[in-house]
Each structure stands twice: as structure tokens, then as C-alpha cells.
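Sending over a structure as C-alpha cells; questions will come in a sec.
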């Protein structure tokens, strides 16, 4: 395999700072990014990627191609939790299986953003409407996860009641989805003129903030690694193999729909990534029986680093093989 | 000065809304909330999701002694379901009635 | 009326993000900008606008024109609280009337900054010394408000004692006035050379930070809206009509002094806007009898959005009519 | 271990300077202050100006039992005028004398 | 409801790691930590290095009454050496056992 | 003496904002930079200066010249605490003397950064590897300080035990050293390509963040000034004269090694500056007998402002004399 893509990915500042963050935890340095800063950076990244995506969407217009991509995105967000649920139920109880499945059906915006920065650096184009796919894929898995819990606990005779209005609000109006969708809309409404005035902010700072943010993600992911002992071999393999499977399915769909190379990478990364913020937050409220350390640490300490370091360049390598 | 009860609740911040609702329903109208509290619990789930919005909160409320019973009844099932702890103690309140003119 | 100015103002990223923030509260999303971030952004905005203003002031020099404008600014800052006080006393007691009057005599820096960003976007020039007017108009209303309380409670036989040194410090050395005046001075001292090195910081980020900040202002303003029930119809109409009146007087003065179109807009916005930070803070300490929810929510939940959304383009429309 | 009094004050941060002054004058030299405390009071003015510098503060001070009287006398009018609440309770202090050499 | 002990420790944040270690060794597994606490102590060193990482922390832990002795023995020398104060009081715990199924 | 260098230094935005911060404390304004913001800014500055330094180091390569400079840096970091210790012991006890000596043997990154910004503004070149010298000079003084305590308390018969692994971790893995070294390495690994993508972040914002940060440093330094009463005349003179001495020795070494003018300034500033973060933190844990208000306030309220305002331009003036 062409190792140069992996190396060129690893020698990226964001990925290297992710390693630096992990190292800080391993050598017990007291480095930390103080509390609201990571939150601020993630708000910024959602704002910037959403806004730029909206501006691009305005330029390209909403074509059949766009609609097909978005439809495929939503379908994948619903399908992934279903089949992963049955894989997980082999070893886990209904609650844990459904919560983890929901996690993997949803997406990680940072993984998406890192992939888009990687593409930008390599000079590979991608479409702005992929951000809309990102936004659409965040929530459905939460709903599907709860429906699964409902179905399978009914079976066992202890039917569950959810406060659906609350669940729907958690799913579709949580701060990340809301800010992302809002920024896409505003980008779309203001178009190129708005994009121009905000460019030094949304474009100039973007790569730097991402780099800094990944430093923090490295700290956070490494702190989770000790939880993996409790997680066990089954879940760790799951957290590496399922992203590969999901990415492969994503690539097949991308090829079938005739997406460009850049879009195909982003689509596969969306399928491969798992949520470690929005979905866990929703699951704790709606499925308190599930063990958060299982679904958070697999998504955050295994799948996230795997995608950032190995996944993104490998998926791109495969795209290089099949697209040309 | 008169005796009131001091209620301390430590919980994950995702429960905050629900807890405040229940306090309100139990007739305890005043409270303060300290956010971003680091913690470690018996169940060891405290640093969970520390980078997310799910950190711990410390809720402090003072109420009349007779309000304690409904508070406990309202709060206990919530803590049992989602985790968290609650402590109650006695304090003296320096009664403060806002009356600007009197000064 | 030429609606295109309003539309072009509303389709601005800052105004749209203000709406987004309000929407977040209405749909009960959990979006929030964590605590010190809004404070940081407001420090940044004061720093940047002050510094740039100082650099411009250095270029233009302190001419008679400048001095006349600044004099007019101070006069308006003293006159507005006096006549609004008498309007308010029709329905309210002395304390509330004086506190609200002080609020409307002072200014809102964010409204000014939004107006200046609007001008920049439309390519309309304005002078750097308008920032000095901003700085000078923040404090006098606090003093005038207290004098009014003093006079009218003496009348009623319960004379009030203020600790004047403390009041003066609150009025003239509170953090916003201090940072703004300091930044103007430093900009003035370092001139173009200093302006150049700081440009990527003060210029490049400016529009983006303003946009983000208005997102937070939308959240804050919307949370205040429920307070308006207690406020009543009289105060709500006051909070819309008085800015229009003040802006009209401001425009008349601007025309009389022969200000440029850009300066006239900024001057009218200064007159029309009301303080929701510095003056409320001062009033709580010095006039604790007044009800803060009255003076804060009118300024923040009515007058601020009104100026941002409707006022700025309308005042500019009127300027277009009379200046050409 | 010996008995001391625990003073808790919740107030708006604009009063902080004045309250600390009064505590000091009442002979209570130590205290801690937790800022950015969210709260809701009977008078419902708590979230007031939440975006400004006027959020709540939580002040905690420990003092000798005999200092309580002057504290109450000093603090009470302030709270009556500007709002805020004060609570007093009993705790045991583990006497700590900094004496590095002894260790 | 049953009686537990409430341990409050105020110290400089550079001691935090050591204090939590000692608490743990004394058998107190739960605690919360509030950081960035402003303070002033008898020894007047509180605002020291306020811009650095050395601000005060407020540690709150609840434990069974019989655990108090080892806690005091473990914590006291540390506070004597590096500064800081510790207070103990009585509170009632609302026993919370996480048992989702029961609800 | 050529006063124009001092004036041109003082008329810099960063230095003027430092004064503004001090003024805010003196006039009792309530201006403050809220808690995690200064921390964020210092992380940013270490990240940016480290990363840029690493990129430069990659370009220049690791030559004998580089190695000699770094060697000289480490030697000075070990020598300074030794000779200052004996000067201080004249008036102070072993603990205080060792703690202060360690403080002055280490460095202040902000002083270094301010000096480099000054050079950039004057168009004087300096080498990227000076950042490596900065990184190497932070820690040794901590170790030397503890060895001195050990030696001189043994003498008095009360031998001290340190937990050396903990001490070494504090010295070499504390967050500033760790982030700085990590950023240098990453800059070195990613080279020019990485440097390019991060440029708007590490370069564009740099001067502005430094300016803002010095505003906060002014606040912090001024709050410390009242501590100087307890400090006494001896320590205050020490805090001004020792930097001059250290800078002079630094300049002699720089001349001897044939450094360029820019490098010579940075080297002398490293020798002249004193640590007010990393070393104090380490000293409180390892030498709790020493009085922190002595070593913090001399370094922060005397030496830091002295270097920023007077030292940097004076050292450069001397360089101008001897280098041409």
C-alpha cells in the first residue's frame, strides 16, 4: 500500500498535535486546555464549517445530485445503528447495544473537519453541500437507537416510555446540530458577499483552531484510554472494524452515486465516524441503563484516533484506486 | 435568625434541568448552581465526558424545615435513576427583607 | 420606503446570527456561549474599535470639526436623560424614571459597532473620531441620572447621599470606558505604524467576532423577552419611540454640523441606543430602589434589537434622503 | 479540633467589594469567593444581567463563634439594601498552623 | 437518611493532587473540586500568583463518620506544610442507590 | 544615549497596553481579563512561537553554530542561579535565596516574545533556533535551586529529601516546557508546508494576542507592586541590577560566539529575564519554606516591567554599539 499518504497525513500539524496531547497524558505533564476553551473552539469550528458550506451550497444550488447525496446520508444514518445493534447484541445487553449503535450511526464533526482540512491541503476539491450531509446525519441515529430499545424491551415485557418531544428536541435542537444547521442557512442566505467579509475569520483561523482543538482532543482521548480495560476485546475490535465496514459501504454508495473523490472521502468519513458528544448526551438521559463508559470510550479513545490517523488516508487511498 | 435547611445536590449537569424542576415543584424557589465542578464518585463515572457538556454541577438551596419532606420525595427517584448525591443539614438564616427605604 | 436597505441589513451575517441566537431560546435549544467568552469578545471589540479609532484620529488630527462633534455628543448624553426622565415620570416613580433615563442617555457600544460594520460593508466612509464620541457618551448619563434622583427626592423630603468619588469612578473608570479610552489613546500614540502591525488582529477578526458576539446577544436578549410582560405597554412603546426621537434629534444636529453621511449614521445610532451593561451596573449600586428588570429589559430586549434590525437601516435611509 | 462558625453569603457580584469590606471590619480575615454562580432567588432577580458582570457570588468564610455577632450586624443592612442572603452554621476546624520545619 | 460527615478543604491548587491522594488513602472515594476560587487567608498569601495555575481550590467530600479520623491524620500534616484549611461538619445523606430498573 | 530606541519601544502597542493595565490597577478601574483567557493566550503564544521556531530550525538545519548557542544557553541557565544564590545569601536565608536564584536562572517566555516582536517591527532578523534556547533554559534552574537547598541545609544539619522523579517531572514536563518543546518538534517535522497552512493563525494573530496578553500582565504586575513594601530595598535593587548584569554576561557570550544582532538581543533577554510561572510553581512544592511573595513579586513586578520597558531597548542599543 502507498504509505506516503499515511505519512503525509501523520506529518500534518493537526494530527501531530493530537499525538502531542496524548503524549502529555502518558508522560503525566500538567498540560491542559482550560474548560470553556475547547467548547469555544468547537462552537467556532461548527460555525465556520457550516457557514462556508452554506455559502458553497448557495453557489452550487440545490441540484438532484445534492438531494441524492443527502438522501443517502440520512439512509446511512438510519441503517448503521440497525445493523450494528444486531452485531453488538451478540455480546451486550439491549441497552448497551442500542446506545453504542446510536453512537456509531451518528457522526463526529471533528473527524469530518479534519478530513476536509486534509483534502484542502492536498488540493482535492469537495462540495459545500457535504456539510449539509454532516448536519443531517447527526440526529437520526438517536431516534433509531431509542426505537430499538423500545422494540426489544417490549419483547422482554418491560415496555419503555420516552418523552418523545424531549427526545426530539435533544436530537434535532441540541447545540451542535442547531448551530451547524443555523450557520449553513445563514451562509446560504448571505451568499458570496457575506462569505467574503467573514473570510479572515472563518478561513484564516480555521486550520489553526482545528490544530489547537485536536491538541485538546488528544488529551481527552488519552484520558479515556484506561477505560478501555473495562471495555474488553470485543468492543475494541468492534471500534476498529465497524468504521472500516461503514467506510466501505459509504465508498460503495459514493461510487454508485458518482460522487467526486473529495466528496467520497467525506461521505465515507461520515459513515465511519462515531459521535462522542451529542449522542452520549442524549443516551444518558434516555437510556440511563446503558453504561456511558462503554459508548464514550470506544467512540472517543478508539474510533476517533483510528479515523484521524489511519482511516482518513486509507479511505483516500482506496478512493485513488477505484476512482481513476 | 431562624433555622432553615441546607440542601446540597451533586449531580451530572445533564440532570440539572430536571433537578431544578423538581426543587421548584417541592416549593423551594431559591437556589444557586455552580457549574464545571470536577468530581469523582463511588461509581467512578465522574470524569465521564469531561470535555462535553456533561460535567458535574453543585446545587445549593436553602428552604424551610417543613419543605424538606417533599424535596426528598421528589429528588430521590431522580438521583436513583440518573446518579448523583444529596445532603441535608441545618443552618441559621439571617433574615433579609429587601427594604431600601429603611436604611 | 426603500425596503432594500432593511433587507440588505437583515441579510448581514451579524444580524442573522442575532436572529439565530433568539431562535435558539424560543425553540429551547441548549445552545450557549460559555461564560467568559462573551466578556472576552466584548473586550476585544472595545479594544479593536478604540485602537482603530485612535489611529484614524491621529491621521485626521484634532480639528474644530472633531471638537464640535465631540461637544455635541456630550451635550446629547446630558440632554437625553433629562427629557426622557420627565416623560418617564408620567407613569413611573422617581427611581425607576431616573434609572431608565440614564440608560437611554448612555450608549450601546455593540449597536455602534454593528452600525460601523454595516457602513464598511456598504462602502460608506466614516471618521475615526466617532469612536471618541462613543467613549464620551457612555458616562455623563450616569451622573445626570443621580442628580435627578437627588433633586426629586429632596423635593419629597428624603434627600439622598451618594458617595460621589465612588460614583465618579464607576462612571468614568468602569472597564468598558477605561479600555475604550485607553485603546483610543494608544492608537493615537502609535499611529499608522502600530495600526499596521495590529491590522490582522483588529481588522481581520473584527467582523467574525462581532458576528459571534451577536449570536450571544441574541440569546441574552431573547431570555429577557419574558420580562417584558412585567414591563407593560408604556415602557415597550417608550423603548421603540424614544430611540426614534433621539435618532431624529441626532440627525438634525448632524445635518446642522455638516457631518458626512457615515458620521451622521453613527451619531444618530449613539443617540438612539441605550446602555445595558455599564449604566445598569452603576444604577444597581447607586439607585438600588429602582427595579433592574425594567431598565435592563427595555434596553436589551426591545431597544437593542430594534436598533440592530430596523433602526440602523432606517436612519441610513433618512440620511440618504436629506444628505443628497 | 475546635468549633468555628461557617458563614455563607449569596449575593450579586456588584456587592462583593462592600461585603468583603464589612467582613473584614467585623474581624473575619479569611474567606473564599466563588464567582459566576447561577442562581434564582425569591425575588427572581437572579439571572438579571447574566451577560454582564453582575452575576451572583458565593462567599464562604469561617470565623470564631464570638465574631458572629459583629458579622451579622455589619452584613444584614447591606443585604437588606442590595439583596442577597446569609446563612450561619457550626463546623469543626482542624487547626492548621503552618510550620514547615516540624515536618 | 443517615448521618455522614462533610469535609471541606480550602488550599492552593498546587496541593490538589496530594490532597486527593491522601483522601483516597483515608478511604474517602468521592469528592468534588471547585477550581478558580478567589480567596484571602490569615497568612495573606491567597491572591498569590493569581495569574498562574496556583489559585485556590475548594474540595468537598462526604464520608462515613468513622472515616474522619484517618482523614484528619492524613490531611493535617499536608495543610501544615503547604498551607490551607479543613473543616468538618454533620449532614444527613439521602441514600441514593442507582437502580434504574426499580423506577 | 540614543533615547529614540527607548521611545520607539515604549510607543509600541504591546508596551503601551502593559502600561494601560498597570494604570487600570492604580486608578482602581474594574478592568479585568477573565480567568481562562490569559491562560489561553499564553498557551497560544507558546504554541505559535514554538511552531514558528521549529519551522525555521528545519530550514536552517542543526549546525555547529546552533549547538554552540544551545550549549551556552544551558550553561547560563545553570550558572546564573549559582552566583545569584551567593549574592542573595548575604541578606536572606537559604530557602529564599535558592528560590529567588532559581527564578532568575530560568526565563520569562513573554519577555522573549516581546523582544522578538520588537525585532520584527524594527526589521532585524533573528534565528528560529533561539526558541530552542528558550525551551532549554526554562528547567535547569529548578534543579540547580534544589541542589543548592540540599547542599546548604545539609551543612546546617537538616538534610532535605526531595522526591526527585516528581521534581524532574515538574521541571521538564510542566505545561509550558512541554507545549513549547512539542511545538518546536512539530514545526520541525512539518516544515515549510505545515508552516504555510498555519501562518494566518501563528503569524497574523501573534502581535494582537501579545498586545492583549501584555494588558493582562500589566494588571497582574501592578497588583503585585504593593507586595514590594515587604520585599525591601535590597531585593528591589537586586531585581533591577541582576538582569543588567546577566544581560551583560549574555551579550559578552553572544559576541564571543559571533551571534547576529537579533540573536544577541534574544540571548541577553533570556539571561536577563526571570520566571514568574513555572519556577514559582515548582518552588512552592519543593521549597515550601521560601516565601512566594518574595520570588514572585521581584520577578513579576520589578524585573518583568524593567526588561519590557527599559531593558530590551537598552540591550539593543549596546548591541548596536558593539556589533557594528
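The chains carry the letters A, B, C, D, E and F, assigned in the order they are written, with residues numbered from 1 in each.
To be clear about the criterion, contacts are C-beta pairs under 8 Å (C-beta built on N, C-alpha and C of every residue); 3 or more make two chains touch, one makes a residue touch a chain.
Protein identities per chain, from UniProt: A, C, F = Sodium-dependent bicarbonate transport family permease; B, D, E = P-II family nitrogen regulator.
Since this is a predicted model, take the numbers as computed values, not measurements.
Q: Angle of the rotation mapping subunit A onto its copy subunit F, from a C-alpha fit, rounded to a multiple of 5 degrees, please.
A: 120
Q: More contacting C-beta pairs: B-D or C-D?
A: Most C-beta pairs in contact, of the two: B-D.
Q: Let me have the rounded angstrom distance from the C-alpha centre of subunit A over to the C-alpha centre of subunit B, please.
A: 35
Q: Find the geometric centre of each of subunit B and subunit C from their Cα atoms only, then give the gap between the two centres in Å, rounded to an integer.
A: 38
Q: Residues of subunit B that touch two or more other chains: which are they?
A: Within subunit B, residues 34, 36, 53, 81, 83, 89, 100 contact more than one other chain.
Q: Pull out every residue in subunit A that's touching 2 or more other chains.
A: Counting only residues that touch two or more other chains, subunit A contributes 30, 35-36, 39, 175, 200, 204-205, 288.
Q: For a test of understanding, state which residues of subunit A touch subunit F in their complex under the given definition.
A: 11-13, 16-17, 20, 23-24, 27-37, 121, 200, 203-205, 207-209, 211-212
Q: Note which residues of subunit F are touching subunit A in the complex, please.
A: By the definition above, subunit F touches subunit A via 35-36, 39-40, 43-44, 47, 51, 169, 173-175, 178-179, 182-183, 186, 189-190, 193-194, 197-198, 200-202, 204-205.
Q: Sort out for me which residues of subunit E touch subunit D in the complex.
A: Counting only subunit E, the residues touching subunit D are 8, 10, 34, 36-43, 56, 58, 72, 75-77, 79-81, 83-89.
Q: Under the touch definition given earlier, write down the residues of subunit E that touch subunit F in their complex.
A: 12, 14, 36, 45, 47-54, 81-83
Q: So in the complex, the part of subunit D that touches subunit E is made up of which residues?
A: My answer: residues 1, 4, 6, 20, 29-35, 60, 62, 89-94, 96-100, 102-103.
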